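Following this line, the structures themselves.
You will see two complexes here that share chain A, one where it goes with chain B and one where it goes with chain C.
This part shows the complex of A and B:
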């Protein structure tokens, strides 16, 4: 197979880069062994939530943040690019209707009742914005073991918000129809797509919510017909309704994945899901093709002029630490920066800042992985997303923001070179 | 100060202590047991789960071997539900002295340990992952045993006979009057109150901590704390206990238990049973040892590492290597040893011999108190073991299949249904998720609580009606305890799992910013 560009990895970073390359006129193949972190993470775009104190405005905080952390991926991006990537996403997935901006973080409840900072959320999460306080009822679904509204509400009621506003929160446990004891978020999402089910839920709720309360559901409000489900519930309940992300599988993340996949296909992109990229052929400092291997099939190759590595971090298996302490990048064997060569690799307290956590690829100004001497390891290879070192996305609340903006930027750099 | 009166006060809630409490209560003595923490949180809950046939000790420590095989037979009768009858193999690996095998067989015959040599091909057929370069193989009646289940079985039985079992009650001082120990003052760590317990006789079953308790009565008992580390691997790499056919050494046993295999162990003298680390070198040593028994061992996922401290004892044993101290047990009657009445210390020994240790202790205790009643613990089964059916690997799956549509599965790895979890929370009356972990194995599987601990916290908040702040504390404590066990072995696929768990706890839930 031959294309102008090959993107490896189908998480938010890979999909973003692939769509942009295809829209930029390059024939683009996206190869991935499976879905990425979209199915694990909520679909909110967290750009920078903690630095390490609560960040109220990512736009204002980023310059100082990157000055102090020259190895952070954000230090390779201009604030303009980060903002442009957010506008771009908004336009590409209109059905999700992202709201928010870089200027001020929203604060949305997590499933344990922490007010979490995030820059951009799907419209259906925005009703849970806590910045101005308010009154909220959180809905428990009978057979869902992944959401505990009483625990959430009690924590949220004690939240100390920067505005000083108060949150009043309580739980409403539903006896929704059905007889299965154990239904996961995806199962509930499918049930909500049936008009009868959501009407039954709304009518039980109507008598139990109080005036002025916004209603928070676990993120299960439909999949392909999510917008209809969400709007109809708001109409039936005559009040704001919002979703709270909970344990994987992430229903909002699956919606985002599906919307981006559709966008990629519309742009003429070719999606190859299933095979693992097991190696690459390089000549001098140029990648000529990657070799992929599906379960029982013979190895195949994908040739291209440009390659984007969006394979994820340790969690995805893209960066590997073996039992002897050796660290490597799994497709190209690129050098990994920031990995401590000796103990301590991890510190004794779970919530500590662990030395190994920031290990990943170091990149040049245009996001090409560099070798120990600071030169591009391969001239036509660009990297984006969690494979990049220097960040601690979960502690910073920066995961999807990094994926989106570096994916966007990697594609931009390739398109600039093409033209 | 509140007071309590009993015939016997037992200090220490490990296997030996609960064994003594059960035996004494069954002989009609009113008994109180105290432990500074939860039951089975010292050495008992921190070993590899091997029910020894005695094979390991037949050459080096025949007295310990005799005790092991005797008690192996007894525990199979009384604690079947705690035991998986895996059988055991002793194999001569390429690094072992080939001459040892004959001495081993001779030792087994002498110690009455049933042994049978099988062809190497047969051993490999039974355990296909074994090192194909082994040269001899022997089968013995080793098995795996769940120490928590055993200890709680003894405790429940003792309570049914009227014993008071008081976890989280720490001894502050012993009451010594007229050259006799008359009881102890304890502090309730949960309620914060002090209490004086009067007893006709006090048994010090504090294991590796027995020296400290003895010192409170002015007696010098020098315990040699011998640390051993163990690593649980995420597969049944073997389904039979596999031992190296060699003098006891580091990392020479793999025990299949529940859904995992545990490799053990090391033996290193430490100064303080509460203060020691697991080092990178020890972990590497275990992984190398695993490769020798099961090639490819390093590629399997290491789930958790922990250490336990053996309470080794030998009168005048200074400067001894802990590997060379006997595994047989010692009962000290401080009346004859130190001139102090009504005070016994039981130490040394092994988990497998806890019942025998208890029997010996209660025999002497009865003699001291002038009571003449026979021990019955070798014949009366523990609760849930009455039908004498061994635990089997498919037990939880079978139970789950029966309730598939009627109950939620809260911990998928260990297959713990919601009702069972709620019942354990109510029965234990605890708000500590780590106590629940030991009771039902919550969060002990491959994901190490990544998915179930959020659920369990929500359920705990609901069932125990505790403030969210207390639930937050319990959640964070659990995550910290778990981290202690995974941090030294984070590599390969288990590091991937740990990062996924970080995404859930820190990224999705943001637990680092919970109010506490």
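This part shows the complex of A and C:
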């Protein structure tokens, strides 16, 4: 197939770049091996949470942050671009109704009761903003996997907020909210779409919440009719209701994925889901096409003038490590920066700070991966999202912010070259 | 590593991210199926020999969406299909599954006596009896026999005198016995574009046998079909299929599910097989497709069925529809219609299939001004049966837009 632009990867970075290119008038194909991390992460846009101290204003913190880290992807963007990408997202997915800005981080509770700094959250999460303290009741849905409101509430009660305000939090376990044995958040989201179910939940809660308490639910408040579900619960409970992100699958993330996919389709984009991009044909320093392995026992190609690499990080398979310790980028074989030269590449525990996780692409001012001499490896290839090196998103709390802003910027650089 | 190990070994790539579960059409409507992650990569570790620790596996419809969306390349649906065959080998295959898995046998029996056979299939009393005895749901969509076969038409058909190139057509059983018009229109669309259409001898590809766990029979069927197609593939002919699921069987499923990865002939056929829309779009991109389309003023929902999604080719039908003036296409965003080949015919699964398809049926009813389009025959029957709206193959829409007659 051929198009003006091919984007590889369907996470937030790839979808953002693809929508923007398609809306910019380029025929755009998005090729992805599968669905990206939208389904796993809360749909909040964490731009910069720790640097390494808690960040209250990403807009104010970013200049110094990037001065100290010249190889960080944010050093390739101005705060103005980051803010523009946030405005762009807000407009593209009006149903999610993003709240917040680059100027001030909110502090929202996580499933384990940590006050997490984040710049932009879906409207339905904003009610959990802890900055001014307050009284909160966290609802437990029995049989919901991996969400323990008592644990959440106890941890949150001990949170030390910058404002010094106090958080009073407690758990309210619903007695018998559903009839299924082993339910993930999506299962509950579907139940909440039923008016009878949410009425039953509200009527039990009404007698058990106390005056002045805002009510936090695990993020399960509907899928296609999320806004109706959320607003109706607020009306029924006569108090602020908000969602707390859960462990995967992330219902807010699924809403975001669906909204972006639909937006891409409306813009005339082609989504090719399933095949793996196994290589590329290049001539001199120009990518002519990428080669994919789809169902048939023959390679297929996607030709384009412009390419965007949004394949994710090491865990997503975007970066290859062989048994000799050699590291390269999986599709184009690009050199990778920041990879550990020797053991240990990984640490024993899952959530440890794995040295290998720092590996990623180094890019020029317009997000093109560079070679060892600092020149663009391929003139028409731009990279965005977690494949970029130089960031520590797990520590900085910057994952979706990087994905959104670099996806946005990669598309901008291409569109500037086209016009 | 042989194919068996390669497909099974992919479970080690599972990171338990649950993306497959969020897409699974079945586990999203019934607790009887605990989801592809649990039944696939998780339970597979506990399967030794032919034993499966959990019979819920039987409720997997085999739609394959899990494999399509998995970001780690785990062959979830394929692992489940193999495990189901193992379980069936151990626990026995119902007579019903042996019957519905052989559409070509049904077609041969039913076609000469089509009026009577169709009367029987529409008769409520008969259907109740069939439900009682065979456990095929009385309301499940049963396509009527056309009463004539595509092959009899093609034997009499006189191709246009001048054709500068040739292509092989794989029509499949449903086109032959139930929807010969689809085959006729595919031939006429290809001929309109300057092709001589070669229709080699062919029988069932074995897909329904495979999805009902009858692997030995499925291998025999697919080998027989490949023997007939491979001489053409070796000579460089492209093979186009209108039955998207049977095309996928030839492209990939037989290799990965039936452990035929090392079968060179099958691989050769796979390398030359195209879904008909994929093929026509390829022609268009080369500037070789006629675009003398006449306006088709209607709003038409298009559903890309699960098996079409399995091809990994995007939605070529949508790109082709965009070439037709005044045709407004509304692509559905629902994963599955529920039928999954023969799954929704079964009494114990009928309600699940209908619940899976419900949002799709709603979208089709809301958007169709005349017909709905879908690439898979069993899905078309399911959509039509559930909505009352006629469903057509994309090639029928192209045929109409080319003005090639009824």
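As a working rule, the second predicted complex is superposed on the first by the 401 of 419 C-alpha atoms of A that agree within 3 Å, B and C clash if a C-alpha of one lies under 4 Å from a C-alpha of the other, contacts with A are read in each partner's own complex, and residues count from 1 in each chain.
As a convention for this text, a contact is a pair of C-beta atoms (placed from the backbone, for glycine too) under 8 Å apart; a residue touches a chain by one contact, two chains touch by 3 or more.
Because the structure is predicted, anything quoted here is derived from the model rather than measured.
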Is this a clash or a fit when chain B and chain C both end up on chain A?
-> fit
Does the superposition put A:219 against chain B (first), chain C (second), both, or neither?
-> neither
Between chain B and chain C, which makes contact with more of the residues in chain A?
-> B
After lining up the shared chain so the two structures overlap, which partner does A:370 touch, if you call chain B first and chain C second: first, second, both or neither?
-> neither
Taking the superposition as given, does A:294 touch the first partner, chain B, the second, chain C, both, or neither?
-> second
Touching A:59, do we find chain B (first), chain C (second), both, or neither?
-> neither
Kindly classify A:271 by the partners it touches after superposition: chain B alone (first), chain C alone (second), both, or neither?
-> second
Touching A:39 in the superposition: chain B (first), chain C (second), both, neither?
-> second
When the two structures are overlaid on chain A, which partner does A:314 contact: first (chain B), second (chain C), both, or neither?
-> first
After superposition on the shared chain, which partner residues are touched by A:248: those of chain B (first), chain C (second), both, or neither?
-> both
Could you say whether A:167 touches chain B, chain C, both of them, or neither, answering first, second, both or neither?
-> neither
Overlay on A puts the nearest Cα atoms of chain B and chain C apart, in Å, by 5
Starting from the residues of chain A touching chain B, keep only those that also touch chain C in the other complex, and list them.
-> 40, 180-182, 248, 315-317
Provide the residue numbers of chain C that touch chain A in the complex, in ascending order.
-> 15, 17-19, 21-23, 28, 31, 34, 67-73, 248, 251-252, 255, 267-268, 270-274, 281, 285, 309-315, 319, 331, 333
Spell out the residues on chain B that touch chain A in their complex, using ranges where they run on.
-> 280, 284, 287, 298, 302, 405-410, 418, 451, 454-455, 457-459, 461-462, 467-469, 471-472, 475-476, 479-480, 482-484, 487, 490-493, 495-496, 499-500, 502-504, 506-515
The answer for chain A against chain C in the complex is residues 1-2, 29, 32-36, 39-40, 180-182, 184, 186-187, 190, 248-249, 254, 258, 261-262, 265, 270-276, 292, 294-298, 300, 312, 315-317
Where on chain A does chain B make contact in their complex?
-> 37, 40-42, 50, 110-114, 116, 143, 145-148, 150-151, 154-155, 158-160, 179-182, 245-248, 313-317, 320-325, 343, 345-351, 356, 393-395, 397, 399
